[in-house]
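Two complexes come next, and they have one chain in common, chain A, joined by chain B in the first and chain C in the second.
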Partner chain A sequence: MEFTVQKADLVRELGLSQGVVEKKTTIPILSNVLLEASGDRLSLTATDLELGIRCSCPAKVKKEGSGTVPAKKLLDYVRLLPDGELTLKFLDNHWASITCGRSRTKMAGMSRESFPELPPMPEATAELPAPLLASMITKTIFAISAEESRFTLNGALLVIREDEGAAPVSVMVSTDGHRLAYIEHTGEVPPPKEAVRVLIPRKCMAELVRLAQEAGPESRVNLAGDDNHLFFQIGARLLITRRLAGNFPDFERVLPRDNTQVATLDREDIKAAVERVAQFADERSRAIRILFSANEVKVFTSSTDTGESEELVPSTYSGPDIDIGFNAAYLIDFLRAVSQDQVSFQLKDHKSAGELCPVGDPASFRYRYVVMPMRI
Partner chain B sequence: MGRIRVLPDQVANKIAAGEVVERPASVVKELLENALDAGSTEVRIEVEAGGRRLIRVADNGCGMLRDDALLAFERHATSKLRDVKDLLAIATLGFRGEALPSIASVSRLQLETRSPEEDTGTRIEIAGGRLLRCDEAALPGGTSITVRDLFFNVPARRKFLRTEQTELAHVASLATHYSLAHHDKSFELWSDGGELLRVTPAGTLKERVYQVFGSQVVEDLVEMTGAEKHLAIPADRDGDEPERRVFHLRGFLSQPQVQKANRNSIYIFVNSRLIRDRLLMHAITAAYHNLIPPGSFPFALLFLECDCEEVDVNVHPSKTEVRFRHQSFVHDFVRDAMREQLLESRPAPVFSPPPSPQRAAALPYSEFTQMLIDQASAPAMPEPVLRESPPPAPRLDFSAPPIEVKPLRLRVPDTHGAFPADAIPASGASLESLVDLRPLGQIRESFIVASAADGLWIIDQHVAHERILFEQILKERAAGRIEVQALLLPIVIQLTPEQQVRYARIEEELRACGFDTEPFGNRTVAIKAAPAACSAADLETVLFEILENAEPEARSMSMDDIRRAIAASLACRAAIKINTRLDQTKMEWLLRELAATDYPMSCPHGRPIALRYGMHEILKAFHRI
Partner chain C sequence: MRPTIFHVDMDAFFVSVEELDDPSLCGKAVVVGGRGPERGVVSAASYEARRFGVHSAMPLRTAYKLCPHAIFLPGHPERYREASGRVRTVLEAFSPVVEMASIDEAYLDMTGCLRLFGPPLAAAHKLHQRMKQEAGLNCSIGVATSRLVAKVTSDQAKPNGILWVLPGQEAAFLAPLDVRKIPGVGKVTARELYAMGVRRVGDLAALDEPFLASRFGKWGVALAGKARGVDAGGWFDAPIGADAGPKSISHETTFGEDTADHEQLEATLTRLCEMVGRRLRAHGLHARTLQLKLRYSDFTTLTRAHTLDHSSAVDVEMADAVVALFRANWNGSTVRLLGVAASGFNESSGQMALLDGGRAERWRQALEAADRLRDKYGGRAVGLARSLKTPIRERIHDAMPDAPPE
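For the complex of A and B:
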C-alpha cells in the first residue's frame, strides 16, 4: 500500500481517533490505528472493542492496501512534520515508511489481520442535528454515574418518538441515583423511521460531542442500531459503540409533579454563593443547606472541623420557609451547565426531591434537573 | 440376685483416671499443681520417653506426714477441702482428691516425702493401685513422686498415646505455662537427661516472659501493668453490707501486627490456674476487634485475679474450664482493660530486618517441637570423647539472653565523619511520631513514603484513609449527625432467608447509621436513603457486606460490634484506593489526619497501616554502628 496525503488532513482525522484508542495497552493491536487506502480516500479505524471510530480523508492512492501503526506515535510524529504532503508506504514486514520532504522514517507496525473487524452500519433509523445532540449531551453527561458497577446508569438514555398528531420529540436522560438530568426538544428532529430508545455509554457521548463540534453547525447525525451496537454517522465519520445491556430506571416516576414552591434566582449569584459555602462543607458528603424564605435564599453550612459560612441571595419566593440539604457538587454541576441568566428552584418540602430549571426557555425546550435532598 | 453392685475402689479409680489422666501431660499437671499447692519454691520435672517410661516431679514443699501419705491414695482424700462450703471458694489448684489414686491405679508409682515435723521421710510404692510397700526412709524435705510405666495396665490408653515427641511437647508447654503463672518460683524440666526449661525465680513477670520466650517476643508485647475494677454486689437481705469484689487483670498483649492462625498463643490464667474459657476468649477477640483481621488471633498472656467466690472451677475433672458468677461483668472488664492498654501504648510495627513474619506463630509449642525434632534427628548414641568437654549449650536456653554472633567485618576507614550522636534516637518509637512525618512520595501510587526524625516510614494509603474515615463515621454516629443522601429511586435488593434474619436484627442500627431501608415484600428490601459518603453505585455491595459480616458470629455480636462493622464497610468503600496518585498536599493531609486518629496502627479490618524503618536499623544496615 502506498498513498500521499495532506499532513493537515491526516492530523485532524488521527486526532479524532485518539479518544478511542486504548491507552492502557492490554491488547497491543488496540493501540494501533488501521489505515486503508482505496480509490481516492484513506480511511482510518480505531477501536478499544467498546467503542470504534472510522473516519477518512482524501488521498492520492498509488497502491491500494492496508496496515496498522501505533496511533499515538503516528500522530505525535506527523504533527511535527512541516505542512504539505507526506507519503506513507507499508513494507513487507508490516513496517510503515513515511516520507515527507527530507524526512524519512520507518515505523514498526503490526499485521492488519489481527485488527478487530468493525460491524457494518445498518440502515439509519433516525436523524438529528449534530449541534442538538451535542447540546443534549453536555447538559446531561455530568449526571452519569462514574462508577463502573451499576452499568445501566453508565450512560444516558436517548429517546426519539413521534406521538400521533404531535411533533417529534427527542429526550435525553441521565442519572446516578442521586440526581437526574432531563432534556427535551420538540419539533427539531425529523420524524424517525421508528421510535428510538437507546442507552448511549458515557465514553461514546464524549466522543460524539467532539465529532459534532468538528463537523460544524449544519451537520446531521444518522443513528442506527443492530443487536449489539449503536452507530452514529456524522458526515464521513462513523462512531460505533457497543450497546449497554439492562434497563434504564423508570425516570418518569421520578420527575416531580407537585413541586409548587418556586424560587427564581440569578444564576451567577446562586452559583457563586454555593461555590463559596461549599468550601466549608464536609469533604466527602459536600453537604450544604439552603433556607428558602420570603424574598431571600440563605445558603449555609457549619462544621465543627472546618468552620461555617453563609450567603444570602435575593430571590422571588413567597412560600413557607423550607430548610433543605443538598450536595453542593450536584448543584454546581447544573449551574455550570446552563447558560441562561436565571434559574428556578421548585420544591415541595425538605424531604422530597427538588427540581432546578433554567428560566425563560421556549416551550419546545425543557431542561429539568432533579436532585434528592440530604438529611443533615 | 440383684444386678446392681457398688464398684470396688480399684475399678472406680480406673474410671476416674480415664477422666483425669489422659496422657503424660495430665499426670504432670496434677503433680505440678500438688507441688505448687504445697507451697514449694523449686519444682523439678523429669520425663523419659515423653513421659511414658518415667515422670518425676520433685518439689521442696511442705511434704506429708506418714499417715497422710498413705491416706492420700484413698479416693476423695485431700487436705485442700474440709466441707462443702470450701467448694464455693477454692483457693488451691487441686481440690478433688482424685488425682493421686487415679494416677496410682494406672502406673507404678513411688512417693517419697518428708514433712519438716517428722525426722524421717516416707517411701511408698504402689503399682496398678495396689500398695506394695511403705517404708521409713532418709529423705530431704518436700515431696517427690515418680510415675513409671504409665498405662502399663491399660493397653487401650497406651495405644492412643501419640509419639514421644508430641507427648513431650505437651508436657513442655504445660511446664512453660505454669512457670509463667508463678514467676517467683524456679522450674526445671528435663527430658531424657537433657534440659528443656530452666528458669530461676524472677522479680517480675516481664523477666519471666523474657526467660521463657526470649527477647524477640518480648519486643512485640505490650505490658498490662494492672487494671482493676470493683463490682458491688447488692446485699441479699436488708441489713447486710453490700459486698465488693475486686477483679484484677495484668499480663502481656501482642501488638496488632502479631497475628496467629489459632488460639494456641492465648494463655489465660484465672487465679494462677491455666484455663481455656470461651467467655474470656471472646473478650480477647473483642478487644482486638477491628485491630487484627477476623480469623486471626493475638498472643496474649493474661492473669485474672478475683475473689475465689467469683469463680467456680469445679466444672470438669480436668479443671480447664471455669464458670464466672458475673459473666458479662468479667467479659466487659477484660475486653475494656485490654483495649485501653492497646490504645494507650500505640506501638508502631517495625521492619524486622530478618524476614520472619511467622516467627512466633506457635510459641512456645513450635520452638519446643522444633527442638524435639532436632533432638530426634541427633545421633542416638553420644560419640565417644576422649577429653571431657563442656556440654553443648542447649538450643533454647531461656535463662540467658541470646548470644549475639557478630559477623566478622573489616574495619572501614571512616571517611565520612562520625554520625552525629543525637541522630540516633532511643528505639521504641511509637506512632506518636506520625505527627512530624514529611511525605516524600509514593511507591506505585499505593504506599506513601515519609521521613521523620526517627527513620523512614511507609504508609498504606488505603488503610490509612480507611482508619480515618472509620473513626470519623463512628464519631458522627455517636454524635447523631449523620449526613444522609436520599435516593432518586429506591434500590430494591433481594435477601436470602439468612440475610433476612440478619436484616431484621440490625434494621434499627442501619437506620441510625443512615440507611433508610424498608421491607418491601417477601425477603425484599428497598433502600431509600443512604449515608452521603457512600456512592449510589456502592450501596448494594456495602449493604450485602454488612449483612455478610453480621452473619458468622451472629449470636455473640453486640450492637456495638455491628455498628463498628457497618462503619468499617462504609470506610473501606469510601477510602482512597491503592493505585491512586496523591499530590503532596493530599499526602500531608492524610498523615496529619492519621496522626489525629485514636488508633493509627491498623485498619478496621486489622491490616497494619504504617511500617517504620528506624534510624537504628538504617545505621546498622549501613554498618555505621
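For the complex of A and C:
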C-alpha cells in the first residue's frame, strides 16, 4: 500500500481517533490505527473493543492496501512534520515508511490480520442535528455514575419518540443515583423511522461531542443500531459503540411534581458563592448547607477541621425557611453547564429532591436537574 | 510543666474477663482463641499458660503442644467490649483526656490532674485500686513524661504493677532494654539493628541522628528520638485524645477448614460486613472505603479496596461492594482467611439516594432495630439471610493503623 496525503488532513483525523485508542491495553493491536487506502481516500479505524471510530480523508492512492501502526506515535510524529504532503508506504514486514520533504522514517507496525473487524452499519433509524446532540450530552454527561458496578447508569438514555399529532420529542437523561440530569427537546428533529430508546456509554458520548464540534453547526447525526451496537454517523465519520446492557431506571418516577417553593437566583452569584463556600466543605462528603429565607439565600458550611464560610445571595423567595444540605460538587456541575443568566431552585422540604432549572429556556427546550439533598 | 502520662494496660484482658464470668478459671492455664488444637491463633493467654511459653498471636496448635492441659475457650467478644467500656468509665473519672489505644489499653494525660489525685505514684495507685473495685480487673500502669516511655514502662510493670520513670531519667531507664521494646521496632528493624551491633536502647541512643537518617530515612530520626525517650514519629507526635475515634474498623476470620465453596465464602463476607456495619453504627460512623482481604490456602494474600460514591453504614450496601470485589479477584482456589475493613469515615451518612424509593432509609431503621436486638440477645440474634451459611466465629480487632504494633 502506498498513498500521499495532506499532513493537516491526517493530523485532524488521527486526532479524532486518539480518544478511542486504548492507552493502557494488554492487547497491543488496540493501540494501533488501521490505515486503509482505496479509491481516492484513506480511511482510519481505531477501537478499544467497546468503542470504535472510522474516519477518512482524501488521499492520492498509488497502491491500494492496508496496515496498522501505533496511533499515538504516528500522530506525535506527523504533527512535527512540516506542513504539506507526506507519503506513507507499508513494507513487507508490516513496517510503515513515511517520507515528507527531507524526512525519512520507518515505523514498526503490525499485520492488519489481527485488527478487530468492526460491524457494518445498518440502515439509519433516526436523525438529529449534531449541535443539538452535543448540547444534550454536555448537559447530562456529568451526572453519569462512575460506579462501575451500577453498569446501567454508566451511560445516558436517549429517547426519540413521536407522539401522535405532535412534533418529535428527543430526551436525554443521566443519573448516578444521587442526582439526575434531564433534557427534553421538541421539534427540529425529523420524525424517526422507529422510536429510539438507547443507552449510550459515557466514553461514546464524550467522543460524539468532539465529532459534532469538528463537523460544524450544520451537520447531522444518523443513528442506527443492531443487537449489540449503536452507530452514529456524522458526515464521513462513523462512531460505533457496544450497547450497555440492562434497563435504565424508571426516572419519570423521581422527577419532582410538587416542588412549590421556588427561588430565582443570579447564576453567576450563586455559582461563585457555592464555589467559595465549597472550599471549606468536608473533603469527603463535599457537603454544604443552603438556607432559603425571604429574599435571601445563605450558602454556608462549617467544619472543625477546615473552618467556616458563609455567603449571602439575593433571591426572589417568599416561602417558609428551608435549611437544606447539598453536595457542592453536584450543584457546581449544573451551574457550570448552563449559560442562562438566572437559575431557579424548586424545593419541597429539606429531605426531598430539589430541582434546578435555567430560567428563560424556550418551551421547546426543557433542562431539569434533580438533586437529592444530604442529611445535615 | 512537664507532662505526666499514664499508660494503662489491662493484664491478660480477655482471660481476666472470662475469669470474672467463671471464677473457677482463676489460677488455671487458660487460652482464649479456640476450643483446642484447631486452626487459628491465640488471642490471649493467662499468666499460668504463659509460663509454658504460650503467648498471643501464636497458632493454637503450637499452644496446645506447649500446654495441652490448658483450658481452651473460643472467647466472647461481646463481653470484652462491655468490659472495655467499664474500663473506660473508670479511666474517665481520672482524666478528661483519655485515649483508648485498643480494646485493653489506654493513654491518660494526667498533667494538671495531680492536684486532685496527689503525686503520680499515689494517683496511679488510686487508679489501680479503683479499676479492681469497679471493673474487677487487674491492670499495669506506666507513668512517664511521654507516651512512648509510659508504654514501655507499663510493659516493665507487668503483671499487676505500677512503675514511674522519674522526669529526666527516661534515657537511663530505656538504655539497658532490648531495642525491640521500643514501640514500632519490629522484627525487620530489630534484625537490621542487631546486624549493626545495636542490641540495647542505650546503643541506639549513642548513634548520631544523621547516621540513623541515612540508614533508615525519616524513621531513623524518629528512632533516635525514641531512644532518648521522646515522643517522636507518626502517631506518638499527636496529643492524647487528638483523634479518639478509630481510623478503620475490620473483622477477619480464618476458616476451620479451607473452602472454595463460593456460597460459603460470600456468606462469610456478608457476615463480616454485618459485624463491621454494627461497629460503624455503634461509633456513629459511615465508611466510604471498603477493603477485602483474601488469603488462599498457600498463604498468598491479597487486599483489594473499593471506594463507594457515598458513605455507608448499611450492611447490604457494604456486602454488595465487598462481594463484587471478591468476585472480581478470587481465582477459585481454596481460601483460608477472609477479612473486611472499612475506612474513610464520615459522621454523616450524607447523600440521600434518588432512585431507591427510600430503601436506604428503611434499611437504616431496620438495622437500628436489629442492633438493639443484638445488644439484648447477642451478636447472632438477627442477621441477613444471605450470611447464614457461614460457620465463622468472631475475632475482634480495633485497628489503629498509626499505632505502634503490639
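Throughout what follows, the second predicted complex is superposed on the first by the 376 of 376 C-alpha atoms of A that agree within 3 Å, B and C clash if a C-alpha of one lies under 4 Å from a C-alpha of the other, contacts with A are read in each partner's own complex, and residues count from 1 in each chain.
Note that in this section a contact is a pair of C-beta atoms (placed from the backbone, for glycine too) under 8 Å apart; a residue touches a chain by one contact, two chains touch by 3 or more.
This structure is a prediction, so every number in the text was calculated from the model and none was measured.
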Putting chain B and chain C on the same copy of chain A, do they fit or clash?
-> clash
Give one of first, second, both or neither to describe whether A:Leu34 is in contact with chain B, with chain C, with both, or with none.
-> neither
So the chain A residues that chain B and chain C both touch are 145, 147, 149, 175-180, 249, 253-254, 282, 284-285, 287, 327, 351, 353, 370, 372-376
Which part of chain B faces chain A closely enough to touch in the complex?
-> 469, 481-489, 491, 529, 531-533, 535-539, 541, 574
Please name which positions on chain C make contact with chain A in the complex.
-> 288, 308-311, 320-321, 324, 344, 346, 348-357
Touching residues on chain A, where the partner in the complex is chain C | 145-147, 149, 175-180, 249, 251, 253-254, 282, 284-285, 287, 327, 351, 353, 370-376
Residue set of chain A touching chain B in the complex reads 145, 147-150, 153, 175-180, 249-250, 253-254, 282, 284-287, 325, 327, 351, 353, 370, 372-376
